[in-house]
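Each of the next two complexes has chain A plus one other chain: chain B in the first, chain C in the second.
Entry: the complex of A and B
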């Protein structure tokens, strides 16, 4: 049974593309055949984050316009088997693709892949409509900022209006020290407003910047906190029950995480 | 006159195959094969609605030609049948328009031949991400080409700056085309149908070292470009 999951946020810069790259890599690592589709036509990034930019020959627009077969546009990841990318076109715009074409493409991909992750562009216009057209599930990414939460709320409303029920929330770039000082919205504050199920909390992590620039998803880095958080998200997507990282103790963040993952067993 | 046994015409999205009525099928097939070998790449990946004129074909012959186009041109033949509105178009006396499109297509079926002396576009400024500079001739960029920017030319490409984006020289099939830049570090470099990219572990080059890329035996070679003192 294959699933089409759209990763969206409304606001830009909250980590949709980074999350897509990491979750996709994690799903492939856990043995599921996964394809990532970048729908941010004209402002593509997913290929850069995956480090596959220089392999692009055909893109999403070529596929929907029939310039090539779907297989020709699938870029195989250089590190992991079972992970593929369909990049967006850079020299076109969002109107080059229609929602019906996305549905047709995803139907074709369903036959071959376990998971189809769609990286949604920021905004609620044509690009968003394309991205959600074929989705079975949605992950809404937000950061603990009022503006991002406001946009996430709008997006959840639009998803429900488009019959994508029960979207899941991914809180990104949380800083436990700031939450403790009361300078940042806490997980509970955000859930109070958005009232949807949580699928993961990713702490703010410098390593993300490094891995994004290098084109290597942080999920491969066993030392990265964010990587660990993304691994948990992947397990939850696959239906496992995984406890959430809690940031309410007085202990240091690293200690808490170690305890959480059983590294401090002795 | 071998050329006239089979010829291509374009009409809207259709490809019209004109075959001489008096020649027999085998001769037409042989001529079409040669024509596709030399210019088939033009249609690569395309989905074609093929209509034919002149020679009457039976079902079996239609199938053979359709298969040949698919194999030799790596194009998909969406439909293949006799051109019905041929008669009325001829009788309407509107000769000018089809002739012009035929000439255009015939021109495009040949490679761009102006590598030494030919039409050239000069682009002044930086080719930024998302910009496509494309031209049916040579292209000179007086500036940089950034990652995400694309330069597609039927002829040579010369960049008077850093080439960091995607470049495609000889885009209509001419393997003699070259790419030269003051600093050559493209995301991807294509000449005709040969595609290369830099190695994954490559260190970015510092400073300006003019380089030239060309194709030999279907491989892209890159050489330092310095004036030859003789």
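Entry: the complex of A and C
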């Protein structure tokens, strides 16, 4: 019953690693034994986002090269029961791992874990191929910007070419105020263009920066809107039907001005 | 009243509409993945078929993948544009 989920995007900097950290933490909090694998060899970051950078002894390359057993490379997150990380190697490059090795590793991890989350590097080269090799499903992260949506479209095509059917879209860093005034593509606009199912919409939230500073996933922050959005994503991954959040309350001044304007017009 | 105000203040298009339109166009090209060789092949096949029926000016035949407004004018759709100058129509098929 275990599942391998790759979190990918094509473009860098849209929030793959942050999403992996939050969704993974959420899955563990919901009682599923979860392992996160950072496949961004040479540019690892999931370790710092998770706040586990000081605990690394062995990494992904050590595991696939047989320098250590899988168990030895699993870093247990002491804050969350059932959450583990396999960090990427920092001093090697993408070619140090092959897709077949990822498949073999994931097969081994399936016996132990409910969810195996793979944090994919940016790009469509070797690192991407490694990351998707063992995946049962995929979450494509995008932001409401032309460059990110374009790359997401390319990634969706490549996932389908590699027989990872039905990838799901995670729209990150949405700003309701900008959508409202027509300066940012809306959820519907992006879905219309990419034509895939939605798994979550995460609003732009300063708390993400704060939580990354501290190495504590925002999903634990009950006041964070982004954290709430990630909690919903986790529930949807586990098969629950959860209505999508509406971001109308954080308009503040904009809403007030609109109302004033509306009154005047009447 | 609201509409009039919209017209006065909203003279330029919303930037998100510009983004959406540009994305749609660029994705048509990205998805079609049309290489020059593909177009050359298409061109030579079209010439082969058409020359069975008419004399055409092969050197100034122009073919390209482009986009156009859909019939309802709502969306942009891909289109194959071909400009084929005809020299003479053969009536041998009659």
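Note that in this section the second predicted complex is superposed on the first by the 246 of 266 C-alpha atoms of A that agree within 3 Å, B and C clash if a C-alpha of one lies under 4 Å from a C-alpha of the other, contacts with A are read in each partner's own complex, and residues count from 1 in each chain.
Basically, contacts are C-beta pairs under 8 Å (C-beta built on N, C-alpha and C of every residue); 3 or more make two chains touch, one makes a residue touch a chain.
On a predicted model such as this, the values are computed, not experimentally measured, just so you know.
Taken together through their common chain A, the two structures put chain B and chain C side by side without a clash.
Contacts of A:184 after superposition on the shared chain: chain C is touched, whereas chain B is not.
With both structures placed on the common chain, the touch criterion links A:91 to chain B but leaves chain C unconnected.
In the overlay built on the shared chain, the residue A:154 is in contact with chain C alone; chain B does not reach it. Contact with chain B, but none with chain C, is seen for A:53 once the two complexes are overlaid on the shared chain. By the document's definition of touching, neither partner reaches A:239: not chain B, not chain C.
After superposing both complexes on chain A, the closest C-alpha pair between chain B and chain C lies 34 Å apart.
Of all residues in chain C, only 1-2, 5, 14-17, 19-20, 22-24, 26-27, 30-31 touch chain A in the complex they form. Against chain B, in their complex, chain A makes its touches with residues 42-44, 48, 51, 53-57, 66-68, 72, 78, 90-91.
Those residues of chain B lying in contact with chain A across their complex are 45-47, 129-132, 147-148, 150, 166, 187-188, 195, 197-198, 200.
Across the interface of their complex, chain C is touched by residues 145-146, 149-150, 153-154, 157, 179, 182-186, 189, 192-193, 262, 265-266 of chain A.
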